[in-house]
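Multiple structures are listed underneath, in structure tokens.
Next come two complexes, and both contain chain A; in the first it sits with chain B, in the second with chain C.
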Partner chain A sequence: MLEIVRQQMVCIVAPGWSGGARLSEPCRKALDRLLHDVAVVHFASIGLLPAVAGAADKRPSLLLELAVEEGFRPYDLLYRLVYHPDGAMWALFGSMIVPNVAEPTAQQKQQLLDKLMSWHSIADGGFVGARDRSVRQIEMEKDLLDRARVEARKLKSKYSNDRAAFALALSRWAYANPDFGWAATPAPRSYWRGKGAGIGAKLIYPVAAIVLWFLLLGIVWTLPRASSWFFGAPGEVGKAIEHVITGTTECLFTMSWHGLLALGIIVFLVWLFLVPLPAQFVSWRRWLNSVQQELDRPTETLSSLATYVGGWVIGVPVLLAVFLCAIAYTFAPLAYALAPDYMHQVIEPKLPKLTGLQITAIAVVAIIVVLCIGALFYRLNRYFTGASRTFFHPLEEDVPRAQQIHPSVERCEAELVDGTQHMFSLTELRGPQWWSAWCIRAALRIVTFAGRVFFTRGWLGNAPGIHFGHWHIIDGGRRFLFCSNYDGNFGGYLDDFINGAAVGTTLAWRWTELHPRAPALEGQPGIANARSFPPTRFLVFRGVKCELRFKSYARDSMLPHLYHFDACNRTVDQINLATGLRDALFGERNAHNDDLIMRAIET
Partner chain B sequence: MKHAPRLSEQSHDIQGMLKSGFGWLKSSRFWLLTIRDGCEDQARGWLARLLDSKLVVSAKCVGKGKAKPEASITEAVSVAFSFAGLKQLGCAEAETHPFPTPFSSGMGSALRRDLLRDAPRDEWRWSDVEGVDGRQTVHILVAQWWMLDSTTRMEEPDPAVFVVSTVENNPSSFACPDGKLREPFGFRDGLAQPVIRDLRDEEGATPQQARKDARSFYDDRVVEPGEFILGYRNEYDELTYCPDVKGWPQSGNRFTLNGSYLAVRQIEQYVDAFDQFRKANGQDVCEKLMGRRQDGMPLGWQGPPGSDSAADAFRYRVADANGFVCPKGSHIRRSNPRDSLGIDVESSIKSSKLHRLLRRGRPFREQTAAGHRDGIFFIACNADLERQFEFIHQRWLQNPRFGTLDKQADPVVGAPPGGGTFTIPGSPSGSEVTLASFTGTLGGGYFFLPGIAALKFIAQNRAGAKLGSTLRVEAAAS
Partner chain C sequence: MKLSTYEPDALPPGARSLSYGLFCWLNRHTTVLRAIGALLRRWPAIGGRFGVVARASAVKDVLERTRSFSNTAHAANMVSGDYLIGMDPGPTYTADRDLVHERLDALDVPNASDEEARKRIAILQAGERTFDLIEGYLMWVVFHAMKPLFGSATDAVVAGSTDQSAQGAVDEGLQRQYMLEIRYVAGQLLAGSLATLELRRRAETCGDALQARIDRVTGPIGTAWGIKSASEDIERNAVGLAWISHPVTVQSGALVVQELLGRPKVYDQLWLRARSLGDRVWIDADFRRDVRDHVLELMRFRPIFPLLARDVPRDTELQTGARQNAKCPGGGKISLLSVAALFDPSAVPDSGRFCPNRNWGKEDPLRYLMFGYGYRQCPARDHAVDILTSALIGLLTLPRLQLARGEGKAITYDGPLMLSMRMRIT
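Now for the complex of A and B:
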């Protein structure tokens, strides 16, 4: 499933670029024609990566980023591009294969294709926003929206105040128009983004996995018995094997349901402490907020200290106790299997004999005690906040050379101000690089999975406006490339990350740093001073929340593009609106759909 | 690592316009000054005398004691410098803490014209960058406010030292019976200002009354000081970046502490065009364009006008999600979308607080052979030009695809020279009106409003004087 997403975002890093910092106009036009013709590419961008530090060849690498429709294997995509009659890919990469050849032979084209395959990488992780539709779908839905607006202007006087009749008339017009026959079927979306994948569908997979596990245990447990039934009673060795299999499966079975029960209780407690209790008790809610703030933006004041003390007094013991209980309960069957006498004679007498009612009462009292301690520390926190303002003077970290943007990067932003914005960010992996690469890949898989299965509205967390965002570990695990296409300006985009997708962004970037590097070519940005990603806490906190440091880090890591292609210049909101109109026009007539049509046509 | 400053201990160093718009001083003049080559010392001398005159009031003076500032302040002046102006006066930015790129590149640059989605700038008379033919390069911006019908004490800049242009007061700005500020189209102006935490000024009302009138919405307007004043905690709970200059003597604090950036635009308002539009479409449609009633109250307000605080106490998401009351593309909804753009109310309010401006502009009037030109001299104080002014201008006001709108920029300040359209959402579906172009920009620039200590440093900057003369000698030699 993740492969489908990752294949949508491809980067080709071709070393040894000997051209200049601009692409010729004919080359740009040829690329435009090529990408329009293949009709599956949403975005394409070309940039220059500075040579890797210490490399013998100091020439920059040419980077081609492609964001394409779902369902294309890289080979199929590159084959289409290379064998296009215009030969734009040869114009771009040909000099790196065979210099000074204008018209490649079939063999040279195959060489180019092989080389591109060796240079390409699919995303190590990524997020696809509203571009889970095909290019053609977006264009056709835009056409439907535009023409529906024109038609609505004609019909408006006839149905001045009757919403239902107005919507019905537009719907009839759309149905009757042969140009929109394609729209009669519901808008195709990927399974998780479509209407099929509700909460039930998302739950069915883990439930199915659990059922299969128990089924597997049952089959294994049955095997020796089936063998006896088919082939008669086993010998001594057979009996021993049967005994081992029976004991192991029964132990695993008991451990599994114990583990499930423990997990269920933990999930319930997490939900209880994070959802209903904060809603019910203001002091608990504020206490949690202060903990969150201290994790993200520690003030290092007395109130901060109070939060820490409270966190250690409440949080750590409770979490440890719950965790240890869950572990003990889960692995108790194993202990009984391995040392039954010890468990019966030594451990059991020490355990209190509690009824279900008693256990429930203890749990309720424990929850009340935790809430009371939280309230107490919240009061202390408030007191210390006031006191800190009077006499405590926190130290603040200095961020040198902040809010600096290279002119070439600003020029790129200015060129795309009326379209979808684009960015390249290049950083180095922190040492040891194999460890950083492994951690980043694991984190990115989680982000990709969450983006695919849970953030199905096309927003990553609470961050709107992302069309594609993808990360690649390149140059043999030494460097880390982030490419993104998004609505808005870069500063606002980073604000969205900070406020809306802080955990995912911190996870993606926390194992990187910036090393000094020379510009790829004159006029391109370089880096003068090394620096690390803003400090994080418990892997996912702080990090991007250090606004000044994070923005400075992201800005300095940026590279300009030499070329940018956008197949259909539409914002995420516009794409969603057009799809919504299509579904509403061709869906059942009800108040919701009627209103959606009215809102869509009024601008 | 360094200690964060305390705002309460620094108000003596903050220029008064960050605390108050001086609403009781109903005359204003804005001086656009270009230092003539070789006159830097005289320019510094003039600045020093201006400081000695005590007309550059501090935030502390504005709110001193229990007495209302109206009693003690009859004239006030604020002084700000463009990047070119600071350079001219010998303030070279420090290597380690340079000025932010938007400020150093200047609003008048071609790059920022594109980034800000400005229409062609053929009409611009002045800006903050050097080397554009036909435009004055403004080095120093002086804002002057004084009591109506009284004389001023400020020493006027010497035309031998400066190239001087002025933007004069519009005498009809406060002419309405209620004595409140109105812009040339006749709408109340200066409402819905953010309240700087720990530096509150409610323009006449007591904080208690303002809070009471705002009901539960009061906190929507309270913004951390670091959003407007450099060196303090902002809405990210981080200290705002403070650039520095070479030779600044205070090791603990930086040159820009207690300062702010001003985004300034001189906007001409085509009153005749607006009046014709009003005549053709009615006052209701004009109010829809603006997003407010003419008296400043929200469009959904029932009954007689309330206080200024009540006029700012509303949200959109629950009461007006579709824009039936205040259209989604209206001027005030674009410039402050409040709770309407994010995923929920809380995150939207939090997000919109990252993009607030403290407005200190005044209407102007310029006499011409044919009559007069009216407009507004727009001044927005902010601490992060990119995140605040530029974001609002580029992504909200001038964005033709704002929200789900299509090909519609701001109806008041964004309509292209040929005019545009404006959607008024309604039931069952909205209507559109055709707009004329109601405004044009005559000039603009980014300025740095220094703290008073930094202002003294600029005025007495002997190091800068030496640097300036060295530069002149080098220039002459080359």
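Now for the complex of A and C:
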């Protein structure tokens, strides 16, 4: 399921680029023609990556980023691009395959295709904002929106504020227009945006897995009994087998129940601490917010440090204890099966004998104690304001210098000021690189999964405006490449990440750093001094919240593009609006659709 | 020009892979389909309830009622645009059909297919002892036999260009690439609506590429055909002819050979006869007729479309063979288990036995059910059988053949499509 997302974002890193720092105009035009004609590529960009430190070949690598429609295998996509009669891909990469050949033979094209396949990398993680839409669909819906707006201006004077009559008239106009026959079918939606959008559909998979597991255990447990029933009592060997099967299945059955129960209790506790308690008790809510703020606090204060230390001294041991209890409870049946005497004679006497009522009472008392501590600190905070100010007083932000943006990056941003912005960021993986690569991949899979299943409305967490954001671990796990096509400007974009998807962004980037590197070619940015990603706490806190340092880090890691292609040049909001209008115009007439039409027209 | 009709997968993750996997498995194991068909023939009312017909009489009835059971069921899977096979009868259908008949009249089968088969066999004999039946033999025999479909414009179609130098550069590599492209377009018709998104997208990409290729050369095609139709008419027919003629015949050929190798006695008999004929193998009329009968019988056991679908445009009833007709609500679909009809003992005497010389009597048209039935039957039926006959004769002139097992899988599949079939000359 995740691969279908990852395949949508492909990067080709071709080492040994001997061309200049600019693409020729005919080559750019040929690429434009190719990508328009193929009509499955949403965004494409070309950049230059500096050679890997220590590499024998100091020439830069040519990077081609492709963000395409869903469902393409890289081979099929590259096949279509390479074998296109215009030959733009050969114009770009041909010199790296067979120099000085203008018109390649079929064999040379195949050679290019094979080479591109060896250079390509599908995203290790990514997010697609306006998903389930093809390039052609976006263009057709844009046309519908534009023409509907023109028609709406004419109708508006007639219907004034009568929303229902206005929507009906516009809908009639759309229905009667033969150009919009395609729009009569609702805009296609993938499972997670359609039937699977509800929480029930998402729970089906784990529930089905659990049910199937217990069913399987039940069947295996029943088999020897069914065999005895059909064929009579088994012999010695048969009995031994029956004994082993019965013992194993019963042990697995009990362990599964214990595991489920432990998981259920943990989920309940997390829910209790994070949902009902904050909703019921102001002090609890403030305490939780305070803990998060202190852990995220970019400046070094006593409060922040105290929370961090408190987390290590209290939070981590408590969580570890809960986790170990759950593990012990889950695997206890296995221990009883393997060493029953030891468990009965040695372990059991050491366990406290508590009734359910006593356990509940202890839990309630524990919660009350925690609440009292929270309330106490809250009051202390209010009464000793001077001490509080000192405690929370921020120290100076550690930014070594004013931010300098390389002119080539600024020029690229200026070129795209009226359209979708683009970003290449190249960083190095922290050592040990295999560990960093593993952690990043795990984190990116989680981000991709969450984006695919939960964040289906074009926002990653609370960050809007991302068309295609993708991360690649390249050069044999040494470097980390981030490419993004986004709406708005760079500062706003990073603010969205900082405020809307801080956890995911910190997780993705915390294992990176910047090493000094020479520019790929003259006129390209290099890095003079080594930099580290802003420090994080407990993996997911702080990091990007150190706003200035994070922005400075991101800026320094950026590379300019030599070429950028945007098939539709629409913002995510505009795309969503046009799709919404299509569904509202051709859907049933109700207040919701009428309102949607009105908003689409007036936006 | 048809545009890609990308639709994201609306099924829950895993459901499509599961259903498509089952579909492909059934396609490869036609005996299972035949067993299901036997049950549905015995109790046709059950099939009727699910809109499935299995009896020969019922299948023929559906295929003859073209207004009630429409071919438009294919349209959704024709990724490179509309063509005869997915159209309802009408002026466009009639005109296109006439054009196809004209183009088919230009074919010179079996002479052209014989010639290419002999050429390829000579290459195989001179080469290594293992070869890929599809890419090393059948693909080329069918391609050369069907060259007159585009006549003088063939190189332009393959090159996708009107430029003479580009056409001059057409080599086997480019031809092979063209044939791979059309294979996936045809593959989508075979895979149907159950196909996974990746397969469908690949077919769409190849369909787009084929359309772009033909779009550039409608002029030369019109000249070669000697017609002055609008370019979109030429494009529709050229695209349709390109993807439907070649890949389907090649796949049928591979299925025929697979079935033949699974019947060693039958293969031995034919091979010994070919050996005894020596050089006369290509001109002996009795032998050719016999091989042709074998091809048809092998196709009966391995039809390329064991399952067919039809749209139901308006409410109607279906004669399944049960006491009561089955109701077919308009807007729905029905399925035809054509492989079951080919084994219906009430229409085919001794239906379970492999018998190339069977006397079909008045049911002779049923023998060609794998090509459809009645007015909508494939117009290239006899040409396809002739080409496959030539191909099989060629293979029989080689020393004994067997599947090249032991070096990985001898047959590799791509969904229901056979991608390669590695053979060994023993």
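To be clear about the criterion, the second predicted complex is superposed on the first by the 510 of 603 C-alpha atoms of A that agree within 3 Å, B and C clash if a C-alpha of one lies under 4 Å from a C-alpha of the other, contacts with A are read in each partner's own complex, and residues count from 1 in each chain.
The working rule: a contact is a pair of C-beta atoms (placed from the backbone, for glycine too) under 8 Å apart; a residue touches a chain by one contact, two chains touch by 3 or more.
Model, not experiment: these values are computed from the prediction.
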Seminar exercise, completed: Of the two partners chain B and chain C, more of chain A gets touched by chain B
Exercise. Which of the two partners, first being chain B and second being chain C, lies in contact with A:37: first, second, both, or neither?
Worked result: second
Exercise. Touching A:344 in the superposition: chain B (first), chain C (second), both, neither?
Worked result: neither
Exercise. Is A:110 contacted by the first partner chain B, the second partner chain C, both or neither?
Worked result: second
For this session: Determine, under the contact definition given at the top, whether A:411 touches first (chain B), second (chain C), both, or neither.
Result: first
Exercise. What is the contact status of A:22 with respect to chain B (first) and chain C (second): first, second, both, or neither?
Worked result: neither
For this session: Note which residues of chain C are touching chain A in the complex, please.
Result: 3-4, 6-13, 160-161, 169, 171, 173-174, 176-177, 197-198, 200-202, 205-206, 208-209, 212-213, 216
Seminar exercise, completed: The chain A residues in contact with chain C across the complex are 1, 4, 37-40, 69-73, 76-77, 79-80, 83-85, 103, 105-107, 110, 131-132, 134, 136-137, 188-191, 193-196, 201, 204
Exercise. Which positions of chain A touch chain B when the two form their complex?
Worked result: 152, 156, 159-163, 166-167, 293, 297, 299, 393-405, 407, 410-411, 413-415, 417-418, 459, 462, 464, 488-489, 491-492, 495, 498-500, 545-548, 571, 573-574, 577, 594, 598-603
For this session: Can you check the complex and tell me which residues of chain B touch chain A?
Result: 1-4, 6, 96-98, 100-102, 105, 111, 114-115, 117, 234, 236-239, 241, 322, 329, 342-343, 347, 350-351, 354, 384, 386-387, 390-391, 394-395, 400-401, 403-406, 408, 423, 425-431
